[in-house]
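Following are the structures in question.
First chain A sits with chain B, and in the next complex the same chain sits with chain C.
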Partner chain A sequence: MNQEIRFFIRNLIKSRRLFWAVLLGLFPVVITLVLLAARPLLEDRDIEVFRLYPQISFFLYLHFLLPMTAVFTGSAVIGEEVEDQTLPYLLIRPIPKWRFAASKILANLVVLGCILILSLFLCYTVLHLPYGLSGWLDESGQLARSMGVLLLGLAAYLPLFSFLGSLFKKAVLGGLLFTFGWENLIAYLPGNAKLLTVVHYLHSLYPTFFRSNSGGILDMLPIKITMTKDIVAIFVLLMISAAGFFLTALVLTVREYRLERE
Partner chain B sequence: MKVEARHLSKWYGQVIGVNDLDFEIGPGVTGFLGPNGAGKSTLLKLMTGQLKPSKGEVLVGGEPVWNNYKLNRNIGYCPEQDAFWKFLTGREFVGSLVAMHGFSSEESEKRTVRALETAGMTEHADKKIGGYSKGMRQRIKLAQAFAHDPKVLFLDEPLNGMDPVGRRDTIEFIKKAGRDGGTVIVSSHILHEVEEMTDTILLINHGRQLAHGNIFEIRELIDTHPLQVTIRCDQVNVLTQKLLEFDDVLSVQFDREKGQLTVETKKPRDFHARLPDLVLKHGIKIHSLWSPDENLEAVFEYLVR
Partner chain C sequence: MPVYDQNYRPWEGRLLEKPRTWWVIARTGIRLLWQRWMIALLFFASFPFIVRTVQIYFMNRVGDASKLGDLGKNLDIDAGFFQGFLKNQEFILLLILVTAGAGLIANDRRFKALQIYFSRPVSFPDYICGKWLILAFYGGLATCIPALLLFIIQWLLSGSEAFLRQFFWIPFSVLGFSVTVLLVLGGLMLLLSSISSARGAAVLFFAVIWFGEILRKILIRIPELGLLSLQANLRQVGSVFFGTERPFEFSAVWAAVVLAAFVAGCILALRMRVRPTEVVK
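Take a look at the complex of A and B:
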């Protein structure tokens, strides 16, 4: 399997998709640099820039960068090989089809995970620059936790959208509607419907700052959102990931792909 | 290694891809011949396990192909479509795909170098495929198909876009692969290309098998279309007169200026068997003898139209 993973990692690194992913990853870093430049203005209003890290990681990473990268790359895992008509080169190798699906998802996880983590690390570091190493270390637990949640989120979303991409041509649209429509709507409603979103479990794992009754963002809502226990949230996210892997591999194994322009 | 189709059909909803094909192909070169849209590519995809038969089966070496990934060790496939990971170099492209056959890195490297050399791509191996000409892309596609030394090679329109030198080299390579005991199946809609590679053809049109076998034998079976034989000799009048005495000879046209006559016979085998005795008996000196419609094009025309 190493051979296939290395092949897909190399392909991803050389592809144009990586350029866009890096560009997207740099976007929050640029915003934090702007905030750093505006520090005197913010401090005049009693806002310390390092205190903006939770909001930035929550809105820009968990609710923007993570779903965007997962939707666009996940739906392309099988979809781009079909669209680019390169799938036959892979399927006539003495390797079971499920291994191609699993290898490509893993390759994407590794590369995109690195981009997300590096971007978050840079963002955190930039915001803590004025406070020296001790300031950086004081809040580093929050950094580690948000990194872990982002990786878990990527591990859940990516196979899920790979599955959609293996089934439908317009999987990107479906993915965007799911993440920016369904998830954003349902996750903040009372009742159990939120259990049908991925983001609910990510919220449950996010640093305590965001939890109810902790003075965090969710406290601003007029209703009380109950969270899932950490261990349950991790288990559900891993199950979603496993289901995504399994279903993508299954579709690739049983489905015939008629390539474009045939 | 033998390739078999048993009552093989494939349809997409109401559209028939191939219909009830039944044949067996052994070592050597076999040409899949048919006009564009005849079902050649569908057939190759069925034979390489990319498509699942709607009915019947495809066997390679006695084993069904669909979802039988282990069989792919013995299969090489050069697709028709001009599709690549264009950001890879030729060496990376061939090397990565060869490595997926489970060879060690040294062995993969060795096979890649050899395949690139055979395909005449050594000089351009480290350039990105995106910058290749159409002919170079065809060669690199071919290189990935045979780099792992498959026993069965499926080539879908392999000469498309190649320059004359590329065509010559590729035809030579295909013929050599067939002579060396490999089973090589080449699809093409260009008749003279196939004719240069092999005498064995499978003719398909509208997804149906029209004929399979040696081109000359197929020609003989087409009794609705008499065979034309043109003979240049020193006694055109005598030969014309003698030939008209035979029942199977339908007509004789002669051209005194050129010193040749063209005979139409409905029994080519009998005609060819009888001719040597006839010319010896009457002392006729034959300068040349050929059949203008015993080529692939004529067979194709008769069967398809």
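Take a look at the complex of A and C:
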């Protein structure tokens, strides 16, 4: 499988999709650089730059970059091959269809994971630049945890949207509806409906900002929202990931793709 | 008629000096997009309209003493009601624009159709206007049409002229605001469709809209940064159209200037991207 993963990584590196993903990943870094440059202005308004890290990592990464890149690349894993009519050429190769699906998803996971992690690392470093190495180290635990959660989130979202992409032509629309519609609507509601979102488990694992004991978002809500235990959240996310892998491979194996003639 | 009797017949039509090609582009685009996904989205978009209609009905027709009357209680049908309705349609409007617009120019570029378009009497304004009208049509079905219908329903059910006399200007506000929203979001959608693939355009559209909003939320203590968010600017301008309280602390004039500059920027960028010939390096 290593060979296939390497092949797809090489392919991805040459694609235009990577350019957009990198561009999206660079946005927060540029924003933090601008914030750093505007530090005196922000301090006049009682805003300490490094204190913005939890908000930036929560809103910009967990609620924006992660779902956005996952929808963008996840839906393209099979969908792009169907659109470009290149799927038959891949499927006639002497490798099992499940291995093709799994290796392509894994290749995307590796590349996107690197972009997200690097971007978050740069963002954290830029925000902590004025406070030296000790300032950087003080909250590095938070950074490590955020990185872990982002990777877990990517591992859950990517196979899920790959599955959508293997089923529907308009998978991007479905993905956007799910992440920005359903998850945004349900994740902050009391009751058990939020258990049907991926973001709830990510919230349960995310450090500081979301937790009630640190004056985070949970404290601002008028209702009490219960979080899932860490171990359960990790288990559910891994299960979603496994289900996504399995279903994508299943659809690819069972379904006969009829390619449109232009 | 025997074949040998058929001879060449010259075209007898009248050559129009300015054929309305934008209308042909719009009409064809609208017809091609009327598909399963779009119908499903428009169906979902109609739910809030149905709920509001039921509320208006109970408020006007069922007495306050009735339990059913509670459904319409505390419902002020004024400018804020229509503004709120349009605001609630925002997300579904984004989805409709993505469904309708992501491939509008991207697919023409992909299949090299721009050369074919511009080899006919189609100019840049015709092309862009036609494509924008497609977005405006589907966007309007989710925003201004139901809002105007709600206005008419309230007028018909209220049974008096007082409502019309007091709020006669609301249909103009609804139209004005809807056109502004469609100009800004439609312009953005077309621009992104011209610089990326259909899939990329869809994702980038959400990225541009969400990014500014997230930035505004992160630096909420600096109200002027709301000018970076398209959504915030649109809401601020919307409050001017409907004469309601400003939702943000920055100037509504500046919001309008930002939106106008944004639309102008989109047109300029489109002008550069939509060309009949492409130089391959």
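Assume the second predicted complex is superposed on the first by the 260 of 262 C-alpha atoms of A that agree within 3 Å, B and C clash if a C-alpha of one lies under 4 Å from a C-alpha of the other, contacts with A are read in each partner's own complex, and residues count from 1 in each chain.
In the analysis below, a residue touches a chain if its C-beta (ideal position, glycine included) is under 8 Å from a C-beta of that chain, and two chains touch if they have at least 3 such contacts.
This is a predicted model, so every value here is computed, not measured.
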For the overlay on chain A, clash or fit between chain B and chain C?
-> fit
Is A:31 in contact with chain B, with chain C, with both, or with neither (first, second, both, neither)?
-> second
What is the contact status of A:139 with respect to chain B (first) and chain C (second): first, second, both, or neither?
-> neither
Examine A:183 and indicate which partner it touches, taking first as chain B and second as chain C; both and neither are also allowed.
-> neither
Determine, under the contact definition given at the top, whether A:68 touches first (chain B), second (chain C), both, or neither.
-> second
Where the C-alpha centre of chain A sits as vertex, the angle toward chain B and chain C in the overlay (nearest 10 degrees) | 80
Overlaying both structures gives a minimum C-alpha distance between chain B and chain C, in Å, of 10
Identify the overlap between the chain B-contacting and the chain C-contacting residues of chain A.
-> 16, 262
Under the touch definition given earlier, write down the residues of chain A that touch chain B in their complex.
-> 3-4, 7, 10-11, 14-16, 84-86, 88-97, 253, 256-259, 261-262
List of chain B residues in touch with chain A within their complex | 12, 41, 45, 48-52, 67, 69-73, 75-77, 79, 81, 83-85, 87-88, 92, 96-97, 99-102, 144
Which bits of chain C are touching chain A when the two form their complex?
-> 37, 91, 95, 98-99, 102, 111, 196-197, 199-200, 202-204, 206-207, 210-211, 214-215, 217-219, 221-222
What part of chain A is in contact with chain C in the complex they form?
-> 16-17, 20, 24, 27, 31, 42, 45-47, 52, 55-56, 59-60, 63-64, 68, 71-72, 75-76, 79-80, 170, 172-173, 176-177, 180-181, 262
